[in-house]
Amino acid sequence: MAVIATKDTRLVVQGITGREGTFHALRNRDYGTNVVAGVTPGRAGQDVEGIPVFDAVVDAVEQQGANTALVIVPPRFAAEAILEAAEAGVAQIICITEGIPAHDMLEVYHYIRPRGIHLLGPNCPGALSPGIANIGIIPAEVFKPGPIGLMSRSGTLTYQIGGELAAKGLGNSTIIGLGGDPVIGTSFIDALDLFQADDETEFIVMVGEIGGNEEEKAAEVIAERITKPVVAYIAGFEAPPGKTMGHAGAIISGSAGTAAAKQEALEAKGVRVGTNPTEAAQIMADLVGNR
Amino acid sequence: MAVIATKDTRLVVQGITGREGTFHALRNRDYGTNVVAGVTPGRAGQDVEGIPVFDAVVDAVEQQGANTALVIVPPRFAAEAILEAAEAGVAQIICITEGIPAHDMLEVYHYIRPRGIHLLGPNCPGALSPGIANIGIIPAEVFKPGPIGLMSRSGTLTYQIGGELAAKGLGNSTIIGLGGDPVIGTSFIDALDLFQADDETEFIVMVGEIGGNEEEKAAEVIAERITKPVVAYIAGFEAPPGKTMGHAGAIISGSAGTAAAKQEALEAKGVRVGTNPTEAAQIMADLVGNR
Amino acid sequence: MDLYEHQGKELFAKAGIAVAEGRIAFTVAEARAAAEELGGTVVVKSQVLVGGRGKAGGVKVVKDADAAEAAAEAILGLDIKGHITRRLLIERGVAIAKEYYVSITFDRSAKMPLLMLTTMGGMDVEDVAENHPDMLARLHVDPALGFRGFHGVQLMAAAGIPVDERKAVGAMLAQLYGVFEAEDAMLVEVNPLVFLDDGTLLAADAKVTIDDNALYRHPDVEAMRDLAAMDPQEQAARESHLAYVKLDGDVGILGNGAGLVMSTVDVIAQAGGRPANFLDVGGGASAEKITTALEIVLSNDKVNSVLFNIFGGITRCDEVAKGLLGALEATEIRAPIVVRLDGTNAEQGRALLTEAARPEITVEKTMLEAAATAVRLAKEAS
Amino acid sequence: MDLYEHQGKELFAKAGIAVAEGRIAFTVAEARAAAEELGGTVVVKSQVLVGGRGKAGGVKVVKDADAAEAAAEAILGLDIKGHITRRLLIERGVAIAKEYYVSITFDRSAKMPLLMLTTMGGMDVEDVAENHPDMLARLHVDPALGFRGFHGVQLMAAAGIPVDERKAVGAMLAQLYGVFEAEDAMLVEVNPLVFLDDGTLLAADAKVTIDDNALYRHPDVEAMRDLAAMDPQEQAARESHLAYVKLDGDVGILGNGAGLVMSTVDVIAQAGGRPANFLDVGGGASAEKITTALEIVLSNDKVNSVLFNIFGGITRCDEVAKGLLGALEATEIRAPIVVRLDGTNAEQGRALLTEAARPEITVEKTMLEAAATAVRLAKEAS
């Protein structure tokens, strides 16, 4: 079945007439994703290579049955775009946009969460279920179908590990890019629960990085309720405290959020942690091979 | 088991050191309700005839295990008191206060509803399960235990009908005062679902009045999923449009919210509607007698 | 609390919403002075708390001060559906290019504000809803979000507002929603919302209702209340914090609790009588409170009999009986009173009244019996 | 973006929060003039973006302008944990009766603002948390509600603030939360929050951090940025919208994607090297972008070799190779560059580079091989 990006996905792309929006909407459709609509205020009635454009998400829901939204709009409009999709009744929202103010995301998070709406991102590459559907900007070329669920706070690092797995002949059920911001809609724990419930996922790779304590919290959940094998990799052992390492969320605050602490927490719960992407991929390959 | 006011109730009274708060807290306790705490900011460490007083609801929850809050504070503080109880983890809140601004209640409603918190009122007399527990200002003297669930937008009208039933030897599982405001936490539909699920309730009396369309919506639900017999009474046939009849919610707006429309909607779904409280009580008495 | 057009426009102007320049006038002389001051074409508008003043001749566009004076003369005192015109709004005339309609209502059913927008402005919105439902765009706003840009886009797209007008109309919607929230409004309606020839967007009318329960935080609005337009009994009840509504019959009604009193009104009608009022005395039973309530009911000359209907709960019926007897000492009673006491300690209460044997009081045990008696007494007195 | 104390206090004052009167001084003369203007006892405070200035001698209370001049002389240029004092805040002295501590942080774990309050003010809050955890009251605020009166009551009760002080402290908490929200702060800390002898409550220090992503809506805060205090490479990267962090080694690092670059930094260290920087060139592959990134990395004199680590995704490796070759034409390269290309079209990209046969470039296939080579080359050059 895979998760998030599935054969049931009916995608509306918010910001479809923008340069990036058009590019990725068409790329996603070319991959096989069912892109049913786009939204750009004031552009209703137009189309983007056959994809109908609406003024508002609610129109895409009512007229095209959209059930998933991909948000590719500038940061100052992104929080509102997510809220619009949420209010329009879209159950699953993927936000690519980088640079959304953290307070905006606090508001979004506490609006959607009690209402049972799922958000992936922001500042994430999206979700790809190889051979099924691709939502967002993940380069599908790098991945192949298989039993490994891959979840990550970093885009290129995911591609790196996915590429190494593919080179070893291994593939993925779904690749979930969680996003590099301090407040994201889908945490490692949420993704773990999705993978645990997914029939096509047999193994899980977790790619973390410095900042926050989501990896530590995930370690608890893995010990508690995840029966599928998990292999991890953490980036940022050499990162100095107090500096934002590219991602807004990748920052060690005081003594909290270090890579060493995350590795320790995971290993304490029996999760094997690779020291570099290559080693992490190799550990997973060995695990799959030993099955 | 009864509903709302049960033997598992652990009540915290917000505004307990006020005149009304003290009076009803003690009255409720005398009836047998488990009143575990009171809250008045700045009065922590005091007690009201043995009921410990705290500065904040969260302290009453943590130290006394309060699971139900009774709000008896002036209208300008009431919305915040409800929100405090909600944030403190109280699952069930009963608000007696009359005169809360409607916009305040909009905010409260949309905060608590997605979070699964139950609110009864405001501007309601509370809930009484005869012989078990009384939360609020309902005069327990008037009622006796029995199989009839009673739900009403009006206080004294409830007492009137409860009194007439008692005079005929009939009693109630729980009396739920829904409240006379335009925005209330528990609607007829919510109360119907509670009664439908309650083993001790075999019959339901519904006391409506002009304003809004909750009776009409309830009629749909009765037809759809309520298997227990329902008898109704509606007040306000002679009320002129555009005038607030005492309760902030009792107003006919244009041609909407008339008593005739409500009666018609209920009768269309097979609910028998008494033309006055006495007749409604008699219809119910006949129903119970024929069982 | 319903506001006059000019009061609503004051709130609009405070929120930065464009309205035509105007002056309030209570006399013909003031109207003329206002027209002179504004100069050129002005509009003379009746200020009443009811719709349909246009059809009733309550709005006139005039070219100069002389004509304004004549129009004021005609409109002041004009009866519009029972509302007498006592004040005028004199506004500078504007060149209207287009008329839209917009409103924000407090939708209790959805428990959300409801925005409505149509390009069919100036018409009765009920007509639009009935005859051109596709032209009336409706949108609920989740109060947890408030009004957002996308709400405006959605609503304007649904209403068919041209794309090049959406910036201006969207900004206006946001401002009106701001007024709705900030002023605790139950209704904000602009009909018509107009584009002038020069492209300006302007609220050409204003219908605003403020939540009575929120007036404590809007003293400026509270101060706008037009006491002169209120019924004397309603005004007296208001001052005593009693809920009172005047009806047009001859049986005065008071009781405890809004629902019970509404029910009493119905029962009087069912018994063949005509209710004179609704009055909820609330909880408590002091002689003072009962005195005030009785005085208000009886100050309506039409009242021929009074039904005092009490269901005792926390306040016991014996206390109420004592309060009532005290009230009879304190004020003169010009019509017979039928008293029905039921609920807690009803027998003791009835006994007290029977012992006192006041000639103006008849005691009944049930609500239906009491209603029948009150109706009979009223008929005898008329 | 971290603010200096005096900048944080500017935001406080704008929000109506009481702070001591003060002047900013960049020179000894300015400091003296400020002391003269304020008169009487003043406090001379080093303005640096690091804690612990008190212990380092960066704060002096002085009685008059002469003493202020001497203090300024001592503090200007003072190195506090690697931060050189370049500006002073001269504040009017106040009579402190009591010191509290309050902070609002952006708690990512709970995804809520976290308020902390203790009566143990003036101390290091980590010390309080560790040694007197019962004295440190903590409270999360649900952003869907915002800060309410009851939050203040809860927090103050837990911290043991006396009942008679709660009105003042509660109002201050609300104001500070207002700053936190309105200014998009990630941190608002006041240590100490002081009661003066006359009962006034005043923020005696201010530590404020603003979300970089929100600066577009706070141009006033953006303008406060102290460019002079920034590292030249970091400043250049900032102007080019590149994410750059200086480290203290000799292997320059650039790559695409923050995670991959962080990982590259780690791998260099694992290979026995010392990373000189973190630089994320992001997506795209224009020669111009790669040129700018290489110039920033190489303008750090310590850099002896460079690792250019690309995992091609949507941007294909052949495009990156072309961009890199273009960059080499446009700028002079003073250190060897190890290029690793992997992912989409990696083979074509590597072929292009091999064909070009630039002497400054070594091409490797994997990240680990590339790291080993870059480390070796750096060691050879040092």
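Labels for the chains are A, B, C and D, by order of writing; each one numbers its residues from 1.
Criterion: a contact is a pair of C-beta atoms (placed from the backbone, for glycine too) under 8 Å apart; a residue touches a chain by one contact, two chains touch by 3 or more.
Owing to the predicted nature of the structure, the values given are computational and were not obtained by experimental measurement.
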Quiz item: In this assembly, which chains make contact with chain B and also with chain D?
Solution: A
Exercise. Sort the other chains by how far their Cα centres are from that of chain C and give me the top one.
Key: D
Exercise. Any chance you could check whether A-C or B-C wins on number of contacting C-beta pairs?
Key: B-C
Quiz prompt | Centre-of-Cα separation between chain C and chain A, whole angstrom | solution = 54
Self-check item: Whole-Å gap separating chain A and chain D, where each centre is the average of the chain's CA atoms
Solution: 28
Quiz item: Of all residues in chain D, which are in touch with two or more distinct other chains?
Solution: 142, 144
Quiz item: For chain A, what residues touch not just one other chain but two or more?
Solution: 111, 114
Exercise. Specify the contact topology among the chains shown, as one of line, ring, star, complete or other.
Key: other
Practice problem: If two chains touch, include that pair; go through all of them. | Solution: A-B, A-C, A-D, B-C, B-D
Quiz item: Can you name the residues of chain A that touch chain D in the complex?
Solution: 27, 75-76, 99-104, 106-107, 109-111, 114, 137-139, 141-142, 152-160, 163, 180, 182-183, 207, 209-214, 217, 233, 235-240, 243-250, 254, 259, 275-278
Quiz item: In their shared complex, at which residues does chain D touch chain A?
Solution: 106, 108-109, 111-113, 126, 142-144, 181, 184, 186, 211-214, 216-217, 243, 245, 247, 255-263, 265-270, 275, 278, 280, 311-314, 342-344, 366-368
Quiz item: Contact residues on chain B for chain D in the complex?
Solution: 41-42, 44, 55-59, 80-81, 83-84, 87, 111
Self-check item: Residue ranges of chain C touching chain A (in the complex, touch as defined)
Solution: 142, 144-145, 148-150, 153-154, 157, 163, 166
Quiz prompt | In the complex with chain A, residue positions of chain B that touch it | solution = 114-115
